[in-house]
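The following pair of complexes shares a single chain, chain A, combined with chain B in the former and chain C in the latter.
After this line comes the complex of A and B, so read on.
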C-alpha cells in the first residue's frame, strides 16, 4: 500500500488556525441493531469502545466509534488494520443482520487546530458551535458551506473533520479561505 | 452655505484629515465623517438627481433612512451603486460620485422631465403608452429605462470577499440605543447569552444628541458605564456596524456586519452575513422622523430636524447659517435650540399648533427665537438650494403672509417607530391616534414554533418617545426576554432617565391644510421615487382604495428605501382622500431586509474557486495534466476527451474511438455510483427496486438492471453484482448515486421498515478504471496477480483478487461492445493503478478515452443512456427493453404505472436506429421528425425525435437513435428531420444496434 495517497496527500495550511490533511485513516461503516449485545461486543473488540449514545463519539487507544444514525456507526481505526478488523467483525456478526464495510478511501479527514477553531467552523456550519452546543465527545453531522461533513472537538483547540474524498480539495480550500488573515470573527475567541 | 463648525462633532477626529474624491473633485473631511457630513462640510448640499423628474436633491436625513443622497462608490471591481451617503464612512482615497444625471449634477438634461411633470402623473406608463402596441417595447420602454433609474449596475466582477457566520443565542438585541443597552444588560446579568447589534458606529442612539440625562448625569456617562458593564459579562457579545436585516420564522435573524466598508480595501471579508438562531429577539430599533408635506419640501436644504442637529452634534457641521424650523411637535424645538447654541441663526420656528405649552417651546422663546404658532410653510423657494420660505396660516390655502429668507429648513412631522423587525414575521400594529404612529401590539407578536411571541419590541421602537419611558421599557424587555429563555433576573429597578416634558403633537398631513393642487404637485411624499401628494390623491380618485394597490400604482414606498420616510405620510394622504381612518387603510407589508444588503454578502464565500463544489476522482489531476477537456457530469468533472497536442476535440474523439476498438482504451469510470445492499431481504428488496429479477443472480455474477419511478418512468440503470448470498453491489449512473441511495433508503425507512436490508453508498471508496478493447486482457495479464482469462473470468462475472499488487475487483462488463474489464481498486491507489495500466499498456497501444468516445461507442452498440434516451417521460417499453422487465415478479416499482392505458398505448413513440441517407450528415441533437402533414394550428405533425446522434468513425457513417411513432414496424422507411436552417435530413429507420449485434467482440 506504499502507493496509497489520501485526498489532499497530507497538505497543510497555517492561517488563524492550522489545517492538515491527516492522511490515510481507517474508517468502517457498521450498521446493525445497537441494542444487540453481539453488536456491542463486536464493537468493543474492534475499537475498544462502548456503544456511543446519540451524537456521541467515543475514543480508546484502539480506535473510535461515532454515532451516525440510529442504526449506523462510523468506526475509526488504523488504516493498515482495516481488512483484519472487518474480517473479525464479519465473523463476530455472522449471526446478526448487520453491514460492515470499508469506507476508508471514500473519505478525507482534516485536523483543524488553534484557539479560533470554533470560530472557523461557525462560518460554515449552521450547527451550534458553542461549548454547550458542541462539547468534546460529540460528533456533529452537519455541513460546511455547501458540503456535508462531520466533525468533533478533541479538545478546546482541536477539531477533526470528515468529508467525502471527492470534495476533500474543496473542503480544504474552504477551510483555508475561512482562516485567511483578517477574517476572524472573534465570537468564540 | 453648509460648513464645518469651529468645534463639536463627537464622532469625528479633527486631528485626522481624510482626502476623498467626489465627482472628480478632491475634498477633505475628518476621520469619522460620513460621505454626507463631509460633503456638507464642503458646502455641497446638492447630492443627486431624483428618479423620475431629475429634480436637484440634497441630503434629508443622517441615517439609513436617507432617500436622496445615493452615491456610486468605489471603482471597477469595487464599484457599488446606490450607497447612502449618510451611512458611507469616508476613508483615505475613497472615490464616489452622484447618480442619475447627464452630463453633470449641476446641469442635467433630464431635468426637462420636471417641466413635463404633468405628463407623468401616477401610473402614467399605463395610460400614456397604450398604443400602438409595438411602440412600448421598441420606443417608449427603452427611452423610459434610460432616463429613469438611479445607480448603474456594476460591470466588473466583485473583487471583495464575503462570509457567513452562524450563531445561536438566547437573546438578540437589535439596536444599541439606551433601551437596547439596558435590555442587553438586564438579560445579560440574568445569565442569558446576548448578542447586541448596532447598525451605526457607536452606541447610544439619539440620547446623547438630544440631551437626555440618566440617573442625573448626561446620557454619555451612563452609556459609557453600561458598555463597560456589558463588556464584563462573558455571555454578552456586542457588535457595531451590524444591522439586524430581517426576522424570519423560528427566531431566525439575519445580521449584516460591515467589516471594512469604512476602511476601503483591506484584508479579510468586506462584509459578514450573520445567520442567527435566537430564542428571543428584542427590537430596540428606535424611530424615524417624518417629513412634513409642504410645497418644495424636496429642495436641497430641506432636511429632517433631527438630522440637522445630528450633523451639528455628531460631525460639527452646520447645514446653513439661517435655518427655519417647521414642526408639529416639541421635539423639533431641540433643533432650533441646538442651532442657537451652535451660534447659528434660526429666523423662525413655524408650528401649526395653537397652544405651545411644552418645556422646549418655552425654552426656545426664552432664547429669543421667533415662534409662529398656527402657521405653516406655504412653499419653499429655491432651485438647487433653499433661498426662502413663505409663511402662511396652517388653516388656509397658503396665501403668503411673509417671506423668510433662509438657507435651510429643518422639518419634523413627528416620529414613526421602526417596527420593521417586529412586523417581518407577522407582528401586528396598533394605530396610536394621540402620537399619530403605528406601534407594536404586544398582544399580537410574531409567534414561534411553541406558540409564544419571539420578538419583543422595546423603547422608542415600541412607541415610547420619551426617554424615561423608553429606558424603563428596555429594562422590562430585558427581564421578559431573560425569563422567557429560562433565567431568573434579579429584581431591580430601571435607571431613571429624564428629558424635557413634551406637549402633544398635532398630526399634520398637508401643509397648509387647504393647499391648492399646484402646491400639492410640488409636495413630495416619496423623494426617491418622486411620488407627490397629488399622485396619491389621483390614485384615490381613480378608485385605488387598497394601500397595497396604491403603492404599486404610484410606486410610493417602492424605492430602495422602501418608504422609510414616506410610508405613514402617504397612507395618511390616502386615508384623507378616501375619507377613511388611517388604521382602516392600514400599512403595506414590511418585508426583509430592513435596509438593502449587498448581493455579495448573500453569496457569502461561494465565489471564485469556492463557487460550487466540484467532485474529483482520484485521477482528476492526472487527467487535467494530460489533455483532459472537462465537461460537467452531475457535480463531477469528466474528460470529454484527451487532446493530444494541437488536435481538435473532434479529432481526439475519433482517435480515441478507433484506438479503443482496435487496440486498448482506458476510462476513468470512478464516478459511477456503487451502492452496497445487504441483508436477508436484500434480494427481495432489489426485486422491487429493479424491473428485472435480481434475487436469482448467482454469486460472482453481474446483471444489467433498470430502475423506474412509481409511475413507471425510467429513472436509472446499471449493473448489479452479487458479492455473496446476502450482499449486492448496485452500480448507478454517475449523476444518480446519491439520488438512488436516498431512493432506496426512503423505501426502506418509510415503506418496508420491517425488511432486513442495510444499504451503504460506497461510490467514493473505489477508483473504477475500465480497460477496454481487443488488447485489454493482455494489459491486465501483464500487470499480473490474478487469472483474467475468458474461462476464469467470463463475460458478466467478477472476481476479487489482486492486479499489479493492488487489491482489485475486475468486472467483466462492457458498455462499449469490446472486451472490457471495469476494475475497482481502493480510491487511494486509483492513480497508482492507472499509472500501471498506462505503463503496461504502452506496447498494446493503450490510450485514455473520454466521455464522448464512451457515448459514441455505446450508441454504435445501441445501448441506451439515462438522460439521452430518457427524459422522465420514457418507460422501458418505449426503448424496447421489455426483456429487462420481469413478467414473473408479482410487483416492482413502476409495474402498476406501466399498466395504465397511456403507457400501453401502441402509439407511444418507440426506440429505433436512424441511419442518415447521406452518411456524412449528422442529425442535430433533439431534432424532430415530420411526416409532411399539418396540424390545425399550422404546425407540422411530429412523428418522432432524435435522442442520440453521432458520427461513428467505426462505421464511417452518421448514426442516431430516436423515438419514432410505430418505429419498430417501419424498418427501412426514410423519414425527414427538418433542421433550423430549413434543410431536411433524411434518415432510414433501422435496428438501433449498429455494430456487432451478436456480441462477438465483447464475449471473448
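After this line comes the complex of A and C, so read on.
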C-alpha cells in the first residue's frame, strides 16, 4: 500500500495563533433522509452520535458527525477505520436511499489554536464569529478568502477547519499569513 | 451589503457566500415549445423597479437553492422561502402588500 500523507504532512506554524495540519483524518460523506430511523441508527453505529440538528456538530469517543446540508452529513472518524465503518454503513443502509463515500484523502483539516482564533477566522470569512454567532457545537460552512471551507470551535481557543485537499496548501498559507504577528484586528479578543 | 436568511440552514448569509440565480418562478419551455414560448422563457425578464422575486443559491454554505423577495430600488429584503414552490407564500405576499400598498401583486 502507498504511504498516505495528509495535505501538508503535519506542518505547523506558530504566529499569533498556532496553525497545524492535523494529519490523516478519516472523513465520510453520508447523504440520505435525516428523518429515517434507519439512517439515524446507521449513524449511531458509525460515529456513536445522534443525528445532528441543523448546523450542529456532535462528538463522541468514536467520532463526530457534522451537519453539512439538509441531506448531507460529514462523519469524522479514525483514518484507519474508515473502510470498515463504510462497510458497516453500507450494510446498515441497504435498501435505503442513501450514499456513503470515503472523502478522507479528498479533504484537508487544520487546527487553529490560540486566543485570537476567532479574529483569524473573521479575517477571511463573512460569518459571524462572535460567541453567539459561532458557539461551540456549531459547524459553519462558509468561505476563507475565495475558498469553500467549514469550521467549528472545539473550545473558546481552538477551531478546526476542513477544506478540499487540492487547496489545502493555499489555506495553510492563508492562515499562516493571517496570523503574522502584529496583524490582528483584535475585534473578538 | 445584502444579507439573506437561507431557509435551508437558517444562516444569515452574506451576499459573497451566495450565488444569484436570476428571476424566480419562470415557467420552463423546452423542446417542442412554440418559438414565442421559448423566447419568453429564454430571454424575457421582468426587471421591475420595486418588488422582485429571485432565486439564490447558498453556494459557500449548505449549497441549496432558495427564493428571496426583495426591493430592487431600496434593496430591502422582504423574506426568503423554499425553492420547492411555484409561487411566493401567501403570508409573504401579504407582508409585502402592507409595506408596498402600490405594488400590483405577484404576476407570474
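We take it that the second predicted complex is superposed on the first by the 187 of 189 C-alpha atoms of A that agree within 3 Å, B and C clash if a C-alpha of one lies under 4 Å from a C-alpha of the other, contacts with A are read in each partner's own complex, and residues count from 1 in each chain.
Everything below uses one rule, namely that contacts are C-beta pairs under 8 Å (C-beta built on N, C-alpha and C of every residue); 3 or more make two chains touch, one makes a residue touch a chain.
All of these numbers come straight from a predicted model, not from anything done at the bench.
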Partner chain(s) touched by A:126 [first = chain B, second = chain C, both, neither]: both
Partner chain in contact with A:102 - chain B first, chain C second, else both or neither: first
Partner chain in contact with A:140 - chain B first, chain C second, else both or neither: second
Touched partner set for A:167, first chain B, second chain C, both or neither: first
First (chain B), second (chain C), both or neither touched by A:65: neither
Touched partner set for A:180, first chain B, second chain C, both or neither: first
Partner chain(s) touched by A:92 [first = chain B, second = chain C, both, neither]: neither
Touch count on chain A, higher of chain B and chain C: B
First (chain B), second (chain C), both or neither touched by A:3: first
Residues on chain A lying within both footprints (that of chain B and that of chain C): 126-128
Chain C-touching residues of chain A, taken from the complex the two chains share: 54-55, 67-70, 126-128, 140-143, 148
Touch list for chain C against partner chain A, complex: 8-12, 14, 16-17, 59-64
Chain B-touching residues of chain A, taken from the complex the two chains share: 1, 3-6, 24, 29, 31-32, 71, 97-99, 101-107, 122-130, 133, 145-147, 164-167, 169-170, 173-174, 177-178, 180-185, 187
Complex contact set, residues of chain B against chain A: 161, 163-168, 193, 237, 266-269, 272, 275, 277, 604-606, 609-610, 612-618, 636, 676, 678-680, 756, 758-760, 762-766, 806, 826-829, 831-832
